[in-house]
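You will see chain A twice below: alongside chain B first, and alongside chain C after that.
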Partner chain A sequence: MKTETAPEAPAVPPAADPRPPARVLPVWANPRLGLLIVIAALVVLFSSLTPAFLDPRLTLAPLQADISVYVVVGLAQLAVLSLGHMNMAVGRMAALSTFAMGLAYDRLGVPLLVGLLLGLAVGAGIGALAGLLIAKTGVNSFVVTLALDFGLLGLVTILYTWATGGVSFAVQPSGLAALRFDTFADYCMGEVCGPRIPLVVPIAVAAALGVGLLFRHARLGREILMTGSNTVAAELSGIPTHRRVVTAHALSGLLAALAGFLLAANNGAFSANIGESFLLPSFLAPVLGGTLLAGGAVSVLGTALGATLTQVIYKGLNLLQFSLEELKLYIGLVLLAALSLDRLRAVLAERRAVSPS
Partner chain B sequence: MIRTNEFTLAVIAALGFAALAVATDFNLLTAGTLDAFLRFLALPIVIGLAQMVVLAVGQMNLSVGVLTGFCAVASGWLMIDAGLPAPVAVLAALALGAVVGLVNGLLVIFTRINGFIVTLATMTILEGLRYGVNGTGTYQGYSPGLREFGQASLAGVPVVFLLAVAIAVGVALFFRRTVPGRHLLASGGNPFAARLSGISNDRALVLAHTLSGLLAGFAAVIVVAAFGSVNASIGDDLLLPSFAAPIIGGVALAGGMISVTGTVLAAFLVRLVDVSQSQFDINRRWVDLIIGAVVLGAVLLGQFRDKLSGGPR
Partner chain C sequence: MSVVLSAEKLVKTFPGVRALDEATLTVTSGSVHALLGENGAGKSTLIKILTGVYRPDGGLLRLPGPDGELRTVQLGNPQDAQRAGIGVVHQERNLIPAFSVAENICLQHLPRRAGLLDRAALRTEARRCLDLLDLDLDPDLPVSRLSVAQLQLVEIAKALSADSTVLLLDEPTASLTNDEADRLYGIVRRLSERGHATVLVSHKLEEVFAVADTVTVLRDGRSVAEAEPLADHSREEIVDLMVGRAYQQVHLAARTVAADVEPALALDHVATTAGHHDVNLAVRPGEIVGLYGLVGAGRSELAKALLGLDRITAGEVLVHGRPARIRDVGDALHRYRIGYVTENRKEEGLFLDQTVARNTAVTVWRKLARLGLVRDRAERSLVDEYAERLGIRLASPDQHAGQLSGGNQQKVSLAKWLAADCDVLIIDEPTVGIDVRTKAAFHELIAGLAARGMAILLISSDLPEMVTLADRIAVMREFAIVGELDNDHDYDRMSQSVIRFIHDGQGVVA
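Entry: the complex of A and B
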């Protein structure tokens, strides 16, 4: 279950904060560690309550596929949270991009990879448009993306009606079914050498690694974080802040498109409702993982853990026959509790760190 | 600048209304159509104001739509399942809204977490609670008096619309004339300066969130009275309009600047788009597209005008 998060560990060690660490906080003050413990405790709890939770085929494989989608959704939001911006249109950007993919498969009959790249380009394009509007006009990102979301909501439905006469494409590009149903175990002598990990997982892991490396080691990523941390200082240091805003939003659109593709692969259909459920989880994952709304600092590993936690809760409560609406109640309570604890931990850690020095 | 913005909106609203009246062969001005136009304008006005009062202190309330639905369903439960009289249910809906708003505010000041995230969490919780009251069931056939109130007209104007206007006047007076109202604006405009002048920013935050909840409670009462039935889906489509009205109306997201007239006029404009959709049988989805474009256009126009008049805000 931890397999998809473990490989990213080297990408973003806890010290992802770009500001020089004035005081070293104690280990227990690390929100990532807390998340890991909570996830482990919940897995133990759920599997003792219902043994079906550990069923590799019926529970664990779909769970990993779900986590993959929502890790990428969280990363899409994280890309703009790095600036201190928000992307309220993250779901609808995914919807528009998957429409482009579906259209390409349906009308042009392109291979799976070409359609994916096309959709990613559409996502990056619409994200860049949002970034351009924000950078050029200086209007709050919340307003721009909210309006964009409203507009795209209409546009996507109109486009689906125009292209399919309904709400989804009937086309099934070759390879999509494999992404949906197969695990590594299907390709190598049962479970001898391949674990039961769905094929979508490595895509999400690659995305997380890429984003992690970008923000940790690439000049571009550091410049985006600088812009988010202090725009004026960044501008004075010669960073083209406007261009970095556009880049970050384009990245957000691109990741939203990728998340849309993964969800379409999991569902087995390119349909208009893709992305409808993205908004809340997109904030949940990074915020639980310790990324601030203020900008300037991100945690990719935390986002992956945050997404894992939410999906584990969903899956576990779902197996225990909770209804979707009840799930929402508990997810909301968990979010509040986690954030309050985080706050408490931060305050205690500050006190502990201040006193010896 | 606020003046010109409201003036522009008023001109656009008047022109739009006249154009729509002409385009529908004056069908819009017949008693029935005009009545429905104003009756369903009440909810967007109040929900826009509920968002505006938290924007005044630089906060957001994502839970406002779902809270409206929760209060509406709860008052339905009180009347049908608990058998309480309508006035009690109405007061309970208002109190419930105010209490949830108070909780939002207290969470914001005690946890120091961004209000956006806090209300995102409470929105999720309220969605669960809203469903928990009656599942997928619908409450209808409650208090005839309350439903008559929802359908009643005074001199040809729906009473619920008059109620919404009265609420708007109340909110405007609160911000213009009362000390707590001025404190809210001062705190939203410059928290540091407000603190130095002896204003408690925490109190301002809690008060703004409580007021927002109370207004959501009023919106719930309007829904219960005017719609004649309530279920767990009420409020789902209110979140975006709640932001659209104040933002088109020229309210600054950063806080400290509000415009009740602008919010009301913007709600009127959104309703105009809505009505033209039903009059001309346009795909419902075009409306979303148009409103999205209008919000963006309004913001860009405001920015452009600021640049012309020189200097940053």
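Entry: the complex of A and C
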């Protein structure tokens, strides 16, 4: 018999079950760090090309306000990406919700906060409706929200025509102007004034912190992620998956409504075109930040950085006086480059982690 | 007999693991060659090298050339392997559901005429391959309409279509009933009569001894038995070679079940929309009741109906003597403390891309949470506790479940139900695809749970496992219980009685 005999006392216990090595990725493989570096590089580039880029009042304050809007837009998409779903109606949900806000301010004269809450409720409601349709019918979220988007497009136009005879509410609820123009530098206690940060920024920061807390620590958020990771296993682990789908979509609608409100505050008007520009950025921010389209994992910080990157590019090119068409062309190119670089970085990091060094 | 495949001193390393350490495999024409070893011994790695998925870091791969002389080859990709005459049927199904049987069989080399699919040639070629297997199957049938066993056979036909001289079968019977497995092995024998060589990877030693003639055993990436005649070895010797130490049959401590205790779970003339009728079953605390039957007899379906995934149309389910209406798994878990360990750990039991910590704690977040927020420290200590209790080998609780070996994955899939502190546990096929040593550990674990008062309903198609573990065995056939036996742990007697129940009235001789 040509059989090996086992050593009497093996130095290493028989590796019938070798521990898989924990994969350690190099630091630069973190997509968040990569984004931060790209953002910093672009800021240096733009400010060396045009000093106006660093003008606090004309550039930096509006830039922060824009970033705030698109961070929340990205979070609205992230809320359903967590499930591996999509919300193609993210812009139109914002439009319908801001219509509700405008109507409340115009007809009922409610305070700013009450109108906002009302609009958030409308957004959450329409999101929940989408979630309910998806959960009950089992139809793909892409199709359901795309159809919903189409329907809402018509509905919003009809509603604005009915309520205003045009495409915008004339009403200016008190406090809206402050949200639009003021920064904390305008509020002083004696000699000490705040930093030049627009008033809308803390709203977006709070939203990001809330969503981050939800998905990292809350049972609800984790159960949504587990549902996105493996729906059957989630159901067999006692998670009410249908309800989690509805919750995630309601959250998406609510955040879309909040983004709509922030944009209305920045524009100074509740109008029908709010949300028109939301769809592409809503995907870009989370995806640039490392959130998977497949579901089960999200990155709130990445989404904030992703939104920042797109807005920095937009603002920089704008200041360099590119025409609107050129602007679109270059933003497209820069984003494609950023996504490819990101992919390259991920592949390199993966190779580095796998190959024995 | 000539050598048709020779792998010499193959080496393959992954970070931290030397998966193959000078492993050698020599296969001769017309033989059925068993490739054995525990999980992690390197069988899958070897198969992946033979099929061109991995490239070896060292060693030679030699195949006969046109003149019959062996020459060294490099298999750069699976297509190369196929051209070299190595066909493989992987453990996972690799068929495209929407395509027809014929299209799937000929997928690698679809016949074309003027750039378009040549349907007639396609059908002829598929027919030829199916005939090799004596398989009477309509080539135009979409694969999605086939049974599990038929899928398996179509995969073999697909592997044969490439004119394979060597056929690799990786756990071919894991999802087949005994009859279907017999049929499959009949085909394997016929193929070897025609000169094809078969390499068979299986955890089921009974099958290996019934069908194989040569054996190679891998342990820790090395071949500890190289192409030896299987007849020279006893079952015990082979197991010794695999685990590397004298293997001891598990002797489980005897348990006594109080007969007068109220059953923790009882079914009273239950019928379901899945098709069950008149099912009576009772599991007392501390008792293991086995539910045996062939694949498709309705056992897992019964478990799922109990959990509210299917409707119960008649009869009553009693939990601790009180009628229960279970609407979903959450209800079963939180209100009635019933858990279900699924047979399908990869698709239904685990979240492969989530951490082990989350996989384990998912059922108890409700308890670990304060104000809706889960306390990380509580989660961590829970995971540590169960990793230790079940002997789960972890680099870190933050490891993804998908990175674990099959046995450890199964333990994680069980851990979440132990953590949930259930009274009743339904365990479905706990040891499918798990090696001998881990299997024994599982049996001890399950017996230990019962000894501590848990009521266990054990669903298994593994009759030896059933006889080892169960106190009583209920036999299910065609969605009804056809008999119930007190288990005296005598394998021959019990298996005969069980088989009789299964085939009773079907006119099949066991």
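The rule we apply is simple: the second predicted complex is superposed on the first by the 328 of 357 C-alpha atoms of A that agree within 3 Å, B and C clash if a C-alpha of one lies under 4 Å from a C-alpha of the other, contacts with A are read in each partner's own complex, and residues count from 1 in each chain.
Operating definition for what follows: a contact is a pair of C-beta atoms (placed from the backbone, for glycine too) under 8 Å apart; a residue touches a chain by one contact, two chains touch by 3 or more.
On a predicted model such as this, the values are computed, not experimentally measured, just so you know.
In the superposition on chain A, A:Pro240 makes contact with chain C only, while chain B stays out of contact range.
In the superposed model, A:Leu220 lies in contact with chain C only, and not with chain B.
After overlaying the two complexes on the shared chain, residue contacts for A:Leu336 are found with chain B alone; chain C is out of touch. Residue contacts after overlaying the shared chain place A:Phe150 against chain B, while chain C stays out of touching range. In the superposition on chain A, A:Ala297 makes contact with chain C only, not with chain B. Across the superposed pair, chain B and chain C touch chain A at no common residue. Of all the residues in chain B, the ones that touch chain A in their complex are 60, 107, 111-114, 116-118, 120-132, 232, 240, 243-244, 247, 253-254, 283, 285-293, 295-296, 299-300, 303. Interface residues of chain A, counted against chain B in their complex, comprise 86, 133, 137-140, 142-144, 146-155, 157-158, 161, 280, 283, 287, 293, 323, 325-333, 335-336, 339-340, 343.
Residues of chain A touching chain C in their complex: 1-4, 6, 14-23, 213, 217-220, 222-223, 225-226, 229-230, 232-240, 296-297, 353-356. Chain contact summary for the complex, chain C toward chain A: residues 13-17, 38-41, 219-220, 222, 224-226, 228, 232, 241, 243-245, 307, 309, 328-330, 332-334, 340, 342, 347-354, 358, 362-363, 365-366, 369, 372-374, 376, 393-396, 398-399, 403-405, 407-408, 416, 420, 435, 437-438.
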